[in-house]
Structure formats: structure tokens, C-alpha cells
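Take this structure first; my questions come after.
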Amino acid sequence: MPQSWRADTKPHKFCPGCGHGLVLKCLGQAIDELGIQGKTVFGCDIGCSLLSWDFFNLDSVQTHHGRTTPVVTGIKRARPELICIAYMGDGGGYSIGVQHLISAAARDEKITAILANNTQYAMTGGQMAPTTMPGQKTETTPYGRDPETTGFPLHGQEMVASVSREEAYVARGSIANLRQLKSFIKKALENQMKEIGFSFVEALSACPTNWRTNAAETWDFIEEKMPVYFKVGETRKNE
Amino acid sequence: MTMEFQPRTQELEKGYFTLFPGLCKGCGLCIEKCPKKSLGWSDVLGVYGTPSVRANSDCIACGICRDVCPDCAIHIEKKVKH
Amino acid sequence: MSKKIVEQEKRAFMTGNEVVAWAALAAKADIMYGYPITPQNEIMHYWTRMAPKYEKSFLQTEDELSAGFTTIGGVMAGRKAFTATAGPGNTLMQEPMSMAEMMRLPTVVVVQQRGGPSTATVIYSQQEVTMTSIGGNGEGMRIVYSTSSHQELYDYTIKAFNTAWKYRFPTFVLGDGYQAKMRESLTLYDPEARGIELIPPEAYVGKEGVPGKDRPPAHFRNTYNMEEELYELVMDALQDYEKISPDVAEYHSAGIEDAELVIVGHGIVYRAIKAAVEAMREKGLRVGYFRPVTLRPLPVPQIKELMASNKQILLMESSYGQLARLFKDVAYGSSTKINTFFKPGMGITAEEVEAAAREILK
Amino acid sequence: MNKTTKIVLAGEGGQGVQSVAEIIAEAANEEGKQALYIPNFGVEQRGGVSVAYVQISDGDIGAPKFQTGDIVVALSDRAVRRTVNYAGPGTTFVYESGIEGIESELPQKAGRILPIPAIDVAKNEFHPRVFNIIIMGAVIGATGVIPLERAKAAVEKKLGYKFEKQPKLRDLNFKAMERGVELVAEA
Amino acid sequence: MSKKIVEQEKRAFMTGNEVVAWAALAAKADIMYGYPITPQNEIMHYWTRMAPKYEKSFLQTEDELSAGFTTIGGVMAGRKAFTATAGPGNTLMQEPMSMAEMMRLPTVVVVQQRGGPSTATVIYSQQEVTMTSIGGNGEGMRIVYSTSSHQELYDYTIKAFNTAWKYRFPTFVLGDGYQAKMRESLTLYDPEARGIELIPPEAYVGKEGVPGKDRPPAHFRNTYNMEEELYELVMDALQDYEKISPDVAEYHSAGIEDAELVIVGHGIVYRAIKAAVEAMREKGLRVGYFRPVTLRPLPVPQIKELMASNKQILLMESSYGQLARLFKDVAYGSSTKINTFFKPGMGITAEEVEAAAREILK
Amino acid sequence: MPQSWRADTKPHKFCPGCGHGLVLKCLGQAIDELGIQGKTVFGCDIGCSLLSWDFFNLDSVQTHHGRTTPVVTGIKRARPELICIAYMGDGGGYSIGVQHLISAAARDEKITAILANNTQYAMTGGQMAPTTMPGQKTETTPYGRDPETTGFPLHGQEMVASVSREEAYVARGSIANLRQLKSFIKKALENQMKEIGFSFVEALSACPTNWRTNAAETWDFIEEKMPVYFKVGETRKNE
Amino acid sequence: MNKTTKIVLAGEGGQGVQSVAEIIAEAANEEGKQALYIPNFGVEQRGGVSVAYVQISDGDIGAPKFQTGDIVVALSDRAVRRTVNYAGPGTTFVYESGIEGIESELPQKAGRILPIPAIDVAKNEFHPRVFNIIIMGAVIGATGVIPLERAKAAVEKKLGYKFEKQPKLRDLNFKAMERGVELVAEA
Amino acid sequence: MTMEFQPRTQELEKGYFTLFPGLCKGCGLCIEKCPKKSLGWSDVLGVYGTPSVRANSDCIACGICRDVCPDCAIHIEKKVKH
């Protein structure tokens, strides 16, 4: 268990097999390796990410649905010496809060935003998200998502990259490759530590509860289905 | 803060496989990822009252199960070769 | 940061928006977050001009939701942070302010009311009283100062930061489009030179030491899993709110003792009332006025006393009963008739006050 | 009770009524009086009649707007139409006499109606640009609430930086203001 | 579109959210716009399942602002459009609803109240009364039905569309998390088969004919340049609102005539009150109840009459005085004491009602 | 004057030399040429665009700041046979309402959005917008926009293109080339008429009032300064 | 006055208390009674104790939640802790007797306390999966508000599609339900 | 609806230059764009009381001024060559 995890709130509140735990494990390891536990502030969204409100041995604030980016931006602007992390789901980041994410990227806010993409709204019981895949059944696309009426999955990482500066760090990782995901998150945090600019990591994540998948199906969804629409890699890496 | 979870350690040929039933939610992600298919359900119940995980002797202590566990319920120690 | 904003007291003639910017500086505000909306724009304009000189910060956000939530961030980081808005911007501000209410965050928001509902006019109203005092999905645990002059705008903007940080409830300075845009005289001063202690802010997050090693981590949330948890929390906050209310509530009144008719109003309408009451007094009419300065909490004992005194009451506002509703909530039980004069989205002049008063007195 | 002098100034966008109002109010403030000036404003940045409300008093001033002015100045036909309602029996209604065909729309109940040829005077005697300074003089003359010298000082404060470069401008402006005072005295 | 939704009356056992979806279909709603939020989600879930079968439409929007504004678009296009929300979503909904209020758009919004302030709980409360009734930068020109059972949820959701299109004020069905999530029995029916005429919608924009040729263009706005324009418009709307209020207001009461104590409450709390009153009546206690069905407008003459009757009053709500404030605004003038029982964000049981009543009666 | 303009509300309410008049002239001409006056609905935003609430002989609705896209989307979803236009400024479209614009593009709403980019918030008196150029003085960047603290100008058109389908029409025109601008708007409307998909035109526009420019400076700003940051052309054209 | 029977069912996520509650309430509805069922729910999709509230009456039902149940059933240690407060002097408190070391935490003031070995019975006599059907039987037995046949019909309605495929399942379920009735009768 | 604005037409060598003072706001955009520098301020006041625009004989009736006028205050008719 990473040093920066708060052991006495474990087991955490995520469901069995939830990808949030893995994304936050990578984040915890990155924080440990960078030795920034003493100056990092963690913000989480409404969505299952809220279940991490007491997850870390970090000062933390759980905000409103989609509003973690501005809260964390507000903290960073007021105290630029802090390392500020905004953690959110795809609903919070790409739907209700997309104006905040885009504007933070466009203004080159010196924060790190991490977004767990589990292709639907998990906390509310599995509705369509901008990331839901064509044909995927959710509670609001009971007959499968029809791109003709609801569009294709949003390429959020690419969108964020399109409004970011060259110096920004923008990447998409996956819990299918944890070493890489951790390295992306670490680079994102370094971008902030070096005051280079905005950083953003989308993490392909899993929600076995709403996907109604067993372990094998869960891995299949993450490893085989999601990459069809969501390309893993670094889009802006300031090298 | 210290971890207060009860570890259950299996000594195996290549290493020590430790599971914390108090952390294991029985999701099965680790079982799927074991390259040796050496993991399976145990009679010991995990935190949600579902079976937790145990290894058999095929375990090579590669640590993949530990890495993929979202709950950090597995600890692996490789035996040092002499 | 040690640079004094106002070296010595000085008389100034400026717009209300400029007054707010000066007051925020005098109160040692650290950072403003904001989104443009008429009639509050010039607060931002003056702040952005002056901020760099005093090492203050400013962030123009993408909308009012963000302005409110970044303000929350600033406050949680332990800085005196504020924002300003109006009308539909204030409507959006209710979302972040509901969070501030729940988490007891000392946000300061300056509202320059404009006509409503909806976009309506960019000019003037008192139609944001309900929303500012008891808006959002909450119970109105907020403190609202309704100002009536540039001097008050200065005094209460300074005070708002102290109130917010002392009691930890979101605090509002409720002005309006007229106050924002008009110019009049006031005296600028350094509050500390006048013996007003400025309450220092305190960090919620980003405190000293490594969390989990040197100290427990600070974990803040606004979501609860069970009704019972929430109930306890809300009741605690409500009790705190009621406990501090007598300390916070402020009002002005004059001529009440011998008055036949007491005119009630707040904010800039109170100016017209005061002028009219003075004029009528000169003409020998037995009139007085009662003006709550704080709309939340209202000065409860004083209102109860007033309403028990069996005088005629005339309540006037540039909205359709928004003050009246809050007032009756407190005054309930009295059988004194409350005459009302509602002019939503329009100014009320001293002439109108006098005419309305004479109508009742005759 | 303190008498408050209430002034309404209205004109087209370019006619400078807001700066006249502001300078008068500032002069009054400098004079140690209470002064309040508020412009009208709306959603449009240009177009529409520009109206300024000024009050000057020895004591506290009530509402920023009012129903009847002591002096109402209207500088265009639309301005006349916009301001007729501010004229009561005690009002001096000043208007630019160059406006054509407006007579029938002048306020019936105004105490006094003063047409002044400010546009002509500006154009012929000074320079079209000092039109609003003439108006300022007219207001000062009509109200008598601030001494001419104080008004000049306020103009100096506002335009001093220009006068530095072109000292002749100072004289031009001050003369124009004096002429404005005369205009209402004559009318 | 001629497919009948409910062929013949039938008894059903389902959740409140499912009831709303059926009712909207029965009312011939054309399109739902929405954004997920607990506890209203299943309204959308049922609607999306059933909509294609009846050629109805659905749009999941990016947030509640969009849900509200797309609903406005649907209404202006001349369709029966609705949305559903709760808690912080309802807070955001105030922006579009302030526009609907200004422009007199017959939007229908179903609110399933959850705990507040802020995100709070996803469960239950009556804490969205203020916001739903008089939220936003407006004057509360809205119609709010507070339901207490699945049958009412069905009846009033159907009625809400009629009310909205008849009077052209934004109309709300105010439920709560309990009603949303519980299952109970009700009778589904086709309103027209029961002789309830369904008022047809009408297009604001996209009318027949070429504008400027065959007819003048339809131009709608919510912004005005002068205070006077706005004032007239708002006063006209307020007069309309007051004129229709007696027709719109609804209430239930029982046992008032000979009661010593009348218990006042709305929505699901009324169920507990009713049960307790019946239980106490059986035990010989002289108690009655008064329950406003419409919170905006309130049944004014009936409240005045009640409050003039000199009975003891006990007002109970799962919020901290939100109903009480609206109630006192109407009841003001009476000197009858209003006892209150406030339990923000928590349910009230019949046992609690009885205990509170006995406390007063003893 | 285009047929579709409403003559009795002219002169319109925009300032002398305002670019909105030119953008709406192009729009009016496009509507005339396509003969769709009888089935077109026009929505305008808060911002100077609201001054066009009675501009056209079209059924029109003036909405809230940033909310024209959802209002018009709502109309289109309810009445797909109508041609629906959302007209907004860069503040309304790229700042407070950017979530709506992006989401409409991502869902491929069959509407036409037209955005007048005048590099600042005009109606409120000239504050910084996402499009304000580096060094440009506005009321909230009184010392000139500093990209280090406020970011670089948002490439809104490119961002919209990045989340749109191939079939969408996304272009940027300028009042410096009115013929081209009209043709872009026409193609955008055709994309809607043919039910192909979302369409969007950003128009580089002028605000002499807040720029404080005379006619010559105004043209210079549009023709020389703006194109440095904003490239004119069609990004998605479905050909 | 109509007597309303109030039932609280609580257990761990996988124990199926919500479906038991729903089927019981539906059976009562079919029986022509008023029935009301409400689950607890919160932000977490998994984890936490699952609680179901059911009321059955011949007349109108008041608030959906209540303070004291007629029957309270708790199936895990956490469930016992969560529900003790629902037990009053008139309450029958049923709990799974397999829970270890819970005795001291059982409600003091409950009218009757019935440990039932449902887990063991399910495992040994039937199949672990029918555990919740045994519980349903226990509730039906303890309350007597709905006839066993009606409950079976409700189960048939819910699981009929499964029974079609595997007719043996029907028997298994019905037997389990009967056994549940017995368990409370025995206890 | 018909336009009720009073046109002021100048007949020039190459065409007719018509200006509607009731529409002209005096922005000067047209003057800047005239390729022949043939436009200038006129004594006739436009709708905001500022000078409106007139052409001189250099006008070639190219129509650029008409195109760039945001207020549609200019109408150009080319003379047809015989």
C-alpha cells in the first residue's frame, strides 16, 4: 500500500474490482516516489471519485459534480507553492464540468487533472456518459448507444490537448498498463512541480458494477473494447 | 498510522504470498491476471463476506496479482536465491 | 504585503464599484475571482488595475460557477478570497454558495442587484434578496449585509471579511446597480488605524507538516451517506447560526418612539425612506423608520419589539415582497397591519415614500 | 432640512452629458457638499439617449434618482422627449434652441423654459468641441450651487493634462463656461 | 402518436419515478430532456425504455443548465417538454427557470428532493421548497404541486402539463427521494377517458407561414433596456399570477371544525400527519390537519380562515422552516401561535407527529 | 438589405462599424439564397448578439448568456424539420457556454452555430475573453493580456472541430472576406438542411467601441492582427 | 383504525434483502392490501448494510419509514447493529443465528427475539442461493399478513422465467419458503 | 414590410450611389475600403447625428462600400454600358 494512502480508511469505499482503486494506487505511488506528500492537496469530484474524500494522507476536499477543477484551480492560484490535484470521472470532467477542464487547460493552470474514464456515470447507477461506446447499453441507452442520435464517444484527452499549450502534459493511460499509467501521472505531477504548465491524464478505468462484468469480462472490456475508441499514449509531453 | 489488517501468509516455493482478507473484496481481478493460473478462491472470507484469494504452489512470485489488486490486499515477497 | 493601502483617512468621490475594490484592499483581501456582469464589472476593473501594485491576485474565470468554486478554493487555501456578481450570475453562484454553506467556508461575495427575473435589465433592483439570503438547496445559513451608501459599501465590505472568517458562514455584501454605478462622497480609511482588528484567514488545506506523519490529514466533504449524519451536521450548523445571530444582526431606526407610522425598508430604498421621514418630520408628521442592515440574520428582537408597539407599518422595496417575506417570518404573531409598497426592478424616490406614507396617515 | 438641488442632463451619445455631470458633481464634492451623480445605462454600448442625474446638497442625499428635477437640460429632440416627465412647476427646463420643431413637445408644466443656442455659440464663438463646457456653465449658472471657480478647478483637474500641452485650450474652456453662465442669465 | 398509453384503468405497484414516466406519457408529453441525478434517475430510465415505443423523444444533456434550456427550447417549439432533477441539479435549474418565469414558458419540471445544502445526501428532504417556489432572481411566478403519494404523483404530473400550458407559468411537481424510490400501489388511467381534457401545446417559434411575408415574425426576449419597460412587464405578469392563483391553489384538510390543534404539513410529511391525526382521533383527541397541495400559490383564503379560527397550530416539515416562511407570509396578521417541528433532511414518522401534537395538547 | 432582415427594426442596435452587422448580413444573404426564411428559427445569446433579438424576419428567441446552443438544440430535437441557428459571441460560446457548444458538437446536433469572435466581452464593456490576444489591453487585462497568467487565445474553432464528426461542417471566416464568410455560413446551413450533421462557423468580427479603434485601425485589427492567431478556413467540410 | 404491519429487513449487499422485501410487498399488493416498500440507498453502489422497509395495511399507509418495526430481521452482525433501534416492546426481532458473538448487541427491549439458522438450513438442506427465500418464509410466517400461496405466486412472477428452464428450481424455492415459515414457528 | 428610409442618390459617371442617412451611423468602414478613395463625409447627418457618407466622381460603382457597410446604408447601381 502506498505511503500516501491513508491505511485506517481502508478497505476503501470503491466496489470490488473498481478501477478507481487502481488509478489512485498509481497516483499514490507517484506521490510517494516524488516525495510530495507534505505539499500536495487532493480534490475529488462528485461521482464515485467522491468515495476518495478520505483516501489519502493528503489534505483533501471533496467538491461538487464537475467542479473539482475550479476548486483546485482556486487553491493553486491562492497558494502556488502547493501541488494541486483534481480527480474526477468522465461525467464530471467531460460533461457537466467540461467548461472548467477546457478553460483550465486553455489558461494553462498549473494544476494536475486526472480523469477516470469508465464509459458511463457510475455513481448514479450507470447512465450514458460522453465516453459511452457505440452500442453500449446503459440505463439511458437501454437499447445501446446510437451514435446517430447521441453522437460518438468524446475524445476528451484529444480535446484537452487541442486547447493546451505545447508545454502542457496531456496523456491517456489505462489500468491495463499500470506501470505506464503511473509514469504518466508522475510526469503530469512533475510538469506541475517544475511550474511548466497544465497537466492532464485520462485513465481508462473499470466499473464492474455497472458494466455487470465478472473479472474476465472486466479485463476484456478494458483491454480489448476501450482501446478501439480511446488511444493510449502521450499527446503533449513537452520533451 | 500503521496497517492493522491481519495478514495471511503462504510460504511457497518461489516466495511468500500474503493476503489481507480485511482488504480483499473478492473481485477476482488478480485471479484472471496470474500468468501461472495459480490463484483461486479461499475459504477465508474477505471484507464483504465473499471468498478471498489464495495461491497454489505454481506461484512464481512475479507480483502481477499484487499490482492489479485495486485494494492492495496482496503482498508478495520473492525468495532470494542463494 | 506590508504596503498600506490607505495611508491616512481621505475623502473620495467615486463609484460604488470602485469603493468595493478599495474596501477589499483595505480589508487585506488576497485574491479576487470573477466573471464579468453588469453592474458589477468595475469592481474587477479597479481590482485588476490595483492588484499588481499591492501584490494581490486576480483570476478571471470561465463563468460564475467557476468564480464561486475558485473562491472556495482560495478560501480553503487559507486566503481572503472574494468574488462579485449580479442577477443571473448570482443565480449560478447559488451552487458554489450552497457548498460554502454546508462546509462553513468564509467566502465573501459582493452582489450588485440588477433587474429580474432572468437577464431582465442590467440596471437596478432589490430582487436578489431571497436568493442571496436563502437561495440554493439549503437553509440560508448565510450572512447578508444590505448597504445603502458608499460609506456603508466601504465599511461593510471590510466587515464582511471579518464576519466571514470569524463565524465561518458565507457572507454577502448586497448592493445594487445604482450603488454600483453612482458616484458619491465617502471617507476611505485604514481599518486597523481605526482600531478595527482584521481577522486573519486560516488554511483548511495545505497546512504545515506532512499529513499522516506530523498530523492527521485534513479531509473535507459535503456528501453524507445517511440521513442521520446529515441531520446532525445541519442542526449543529443551524444552532451555531442562531447562536451568533444576535451578535451579527444590525439595524438602524429613528423616530420610532412617538411615530404613528414606521416605514421599513433596506438598502438604497432606505435612503429614500430616511429622506422622506426627515422631510415629513419637519412638516410635523409623526413618522419613523426601521431599516435592517443585515437581511440574514434579521434583527429579531428589535423587529418583534417594533411589531408589538402597535404602530402602522409601511414596508417598501424594489421587489415584490422579498423583504416582506423575510420580515413577516420574524414578525409573525403581531397583529399590526403591514402596508406594502412593491416596485420590482425600479427605484423608489423620497417623493413616492412620502406619498405612500401620507396615503396611510390620512 | 437641507435643500437638495436636482439636475437632469440628457443628450445624444456624443454630446458629453456624462462628463459634464461628473465634473459638476465632483466640483460640488470638492466644495464640501454632498454630491451624487448617476448615469443611465442599459445593454447597448452606443445609441439611445444619454441621461445623467446629479444631486447636490449640504446634507444627506436620498435616492439616486428622482421624479422632478430643479434643472433639466435636454440637448436633442429625443432628449427632450425623454425628460419632459422630469419637469414640474419648480423646474427650470433648459434646451438647445437649435433643435427644430420641438416646441410642441416641451414640458407644459415646467416652471421656466429656457432655450439656449449652445450649439451655435460653440460653433461660432469657440469650437464645436466645447459645446459641453458651455452646457456646464449653463447648469452652474442656472443652479448656483457651486461657484464658477470650483467648476473651473474641476475642469482643470480633469483636462489639466491637455491644458499643459495646449495652454490655449484652458482659456477656451473657461471662456466657454462663462459664456454658458451668461446664456442662462440672458435667457 | 395515437397509440393509447394506458388502455384501461389498472392497478400498479411501482416506484414513484416509474409513476412519473407513466404519467408524462399519459399526459401526452412529447419529449424529455434530462441529466442524471439521484433520486430522480429512474424517471429517465423508464422514459428511455418506453419512449421509442410511443414515438417520444429523449435527450440526455451535458448538465442541468442544458436540461433546463433544452426544455425551454422544446416548449418554444410547441411541444410538451419536461425535465426532472433534484438537489444541486435543482439549484442549477434555477437559471433556466428564471428565464421561463420571465418569458412565461410552460416548462414542466419534476423535482425529487434530496438532502441539502450542497450535495449532502442522495436520499430525502423537503429542503427544496424555497428554491422551487421562489428561487432564482425572480418573484416566484411559478406553480408548485407538492405530492404525497404515488397516486398524486400520477395525477399531478398529468395536471402539471395542463396547468403549465393553460396559464403559461413554469410548473413544478415537487416530490422527494422517498416518493421517488419507494414502491406502492396506485391506479393508472388515461386522463381523457376520465374526461380530463389535455390542453394542446402551441408553438412560440417555428409557426406556420413565412415571417415578414405571411405574418409578423415572433420575437421573444428576456432583456430590457429600461427599468420602466421591465417594471410594466413584471407587474403585468404578477397581476396575471395573482388573478389565476385562486383557480390554481389546492389543499386538503380534515377535522378542522372542532379541532383544538391543526397540524400543517405538505408532501410526504402530510402522510405521517394524516395517519397520526386519524390515530389520535380514534383516541378521542380533537386534532385536524391542513395540507397545502400547491406551495405556490398557496391557498390564501383557506389559510387565512384557518388562522383566524384561533386553534393551535403545529407546522411540521423535513426542512428548517421553508414551508413555515411561505405559510407565515400568507398567515401574517393572525395572532395564533404557530408551533413548529423542523427536521431538515430527515423523514417524519406518524409516531413523531403524535408525540409532538401531544406535547402541545397536554 | 437582405430580404430576411426585418427592415422596420433598422437601423439595428449595434454600434457604428460593429462586425455583428456584417456577420448577420452574410447570414441574411445565405438565408435568402437558400430560401429557408419560412422554416428557420434564430436564437441569439446575451452579449451584443442579443441586440439582434428582433433583427430578422425569422421567429427568434433571445436566450441567456452562453445558453443559446441548448435552447436551439431543444427546439431542433423537438421539431427536426426546422432549420435552427444559434448565434453567439466568443464569451458566450467559448467561455460560459463552452460545455454546450462542445457537447452539441460531440452529440452531432443538427444545428448551425455561428460565433462572432471580437476578442473580448463587448456588451459588458470590454473585458478579456478566451480569444483576447497576447498583450491586448482590456478592462480586466489593463496592462495587456499576459499569456503566462491567463493563457494564450483559445483556438475555439479547432477545439470544436476536434470533437466533431467527419461529417460536421466547421470553419472560420472573417468579416475581412465577406464573400467567403457568406459561403461558409451557407455551407453550414446546407449541412443542417441535408441532415448531415452539426455545423459551426466562427466569424472574426469587429468591436470598434471597445477596441477604441477608428475605421482604419478597425480594418487593420481584423485584417492584420487577428489572423496571426486565428486561421481562416474550413477545418471540417464533409466533401 | 387499520393495523399496519411494519417490517425491517437488513443484511449485507449480497444477501438479497431488497428482493425479499419487494416480493413481499408485491404479494401484499396483489392480495388487495396497501403495501409500501422502500430501500435505503446512499452514494455507494456496493458495501454498507442493505436495509429494506416494508409496510402492509388494509388502509392508507403513512410515512414510508418508521421508528419501530413489528418484525425486524437482521442477517449479519452489522445488520444487527444497524437495526437494534427499530425494536420496541412489540417487536419480533429475527436474526441469523450463525452470526458469532452478537448476543450482547441484541436489542434489549424487543418483545421477542428469534434466532433462526437460515444460513445453515440453506446450505445443508437446500442450496446457499435460496437463503433469501427462507428469510422470506420467515417473514411471512412471523407476520401472517399474506397467505403463503400469494407469496409463492409473487415468487413465480419474479422468477418464473427461470423456473421454466429449470422446473426443479420452483420446488426448491417453494420448499425453502415453507421451511422459513417453520423456522419462526419453531423458534 | 417596405423600407421607409429616405434614399439620397448621387448620379455619377459609372453609376448611381445611393445613401440612406437614416441607416448610416458614420462608422467610416466604407470610406476606408473604397479602392478609389472616392468616399468622404457629407454634411447630411446620419441616424446618430454624425456625418454620413458621400461619393465623389471617382466612384467606379464597384460596390465594395455597399458590401462592407454593416448597416446596409449604401446601394449601388452600375450604369449599363451601351
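Letters A, B, C, D, E, F, G and H mark the chains in the order given here, with residues in each chain numbered from 1 onward.
Basically, contacts are C-beta pairs under 8 Å (C-beta built on N, C-alpha and C of every residue); 3 or more make two chains touch, one makes a residue touch a chain.
Small disclaimer: the values here were computed from a predicted structure and weren't measured.
Novice: Please report the smallest number of touch steps linking subunit E to subunit H.
Specialist: The least step count works out to 2.
Novice: Need the graph distance between subunit C and subunit G over the touch network, please.
Specialist: So the least number of steps between the two chains is 1.
Novice: How many angstrom between the C-alpha centroids of subunit H and subunit B?
Specialist: So the centre of subunit B lies 85 Å away from the centre of subunit H.
Novice: Please work out the Cα centroid separation of subunit A and subunit H, and write it as a whole number of Å.
Specialist: Roughly 59 Å, centre to centre.
Novice: Using mean CA coordinates as chain centres, what's the gap between subunit A and subunit F in Å?
Specialist: Each chain's C-alpha centroid was found; their separation is 32 Å.
Novice: When the centre of a chain is set as the mean of its C-alpha atoms, what distance in Å lies between subunit E and subunit G?
Specialist: 35
Novice: By residue number and range, which residues of subunit F touch two or more other chains?
Specialist: In subunit F, the residues touching two or more other chains are 6, 15-16, 46, 50, 57, 64, 95-96, 98-99, 102-103, 123, 125, 130, 150.
Novice: On subunit C, where are the residues touching two or more other chains?
Specialist: Where subunit C meets two or more other chains at a single residue, that happens at 38, 62-63, 88, 95, 99, 118-119, 121, 123, 212, 222-223, 225-226, 347.
Novice: For subunit D, write out the residues touching at least two other chains, lowest number first.
Specialist: Expected reply: 42-44, 46-47.
Novice: For each chain, which other chains does it touch, given as pairs?
Specialist: By the stated definition, chains touch in these pairs: A-B, A-C, A-E, A-F, A-G, B-G, C-D, C-E, C-F, C-G, D-E, D-F, D-H, E-F, E-G, F-H.
Novice: Enumerate the contact residues on subunit D facing subunit H in the complex.
Specialist: 12-14, 46-47, 76
Novice: Given the complex with subunit B, which residues does subunit A contribute to the contact?
Specialist: Listed in rising order, the residues are 1-2, 5-8, 10-12, 14-22, 25, 57, 175, 178, 208, 214-216, 218-219.
Novice: What does subunit C use to touch subunit D in their complex?
Specialist: Result: residues 11, 13, 38-39, 121-123, 178, 181-185, 268-269, 271-272, 274-276, 278-279, 282, 347-352 of subunit C touch subunit D.
Novice: With touch defined as at the start, can you tell me which subunit E residues reach subunit A in the complex?
Specialist: Touch residues, subunit E against subunit A: 35-38, 41, 44-45, 48-49, 52, 58, 60, 62-64, 88, 118-119.
Novice: Using the touch rule from the top, collect the residues of subunit E that touch subunit F in their complex.
Specialist: 30-31, 33, 57, 59, 61-63, 65-66, 69-79, 81, 95-96, 99, 203-207, 209-213, 217-223
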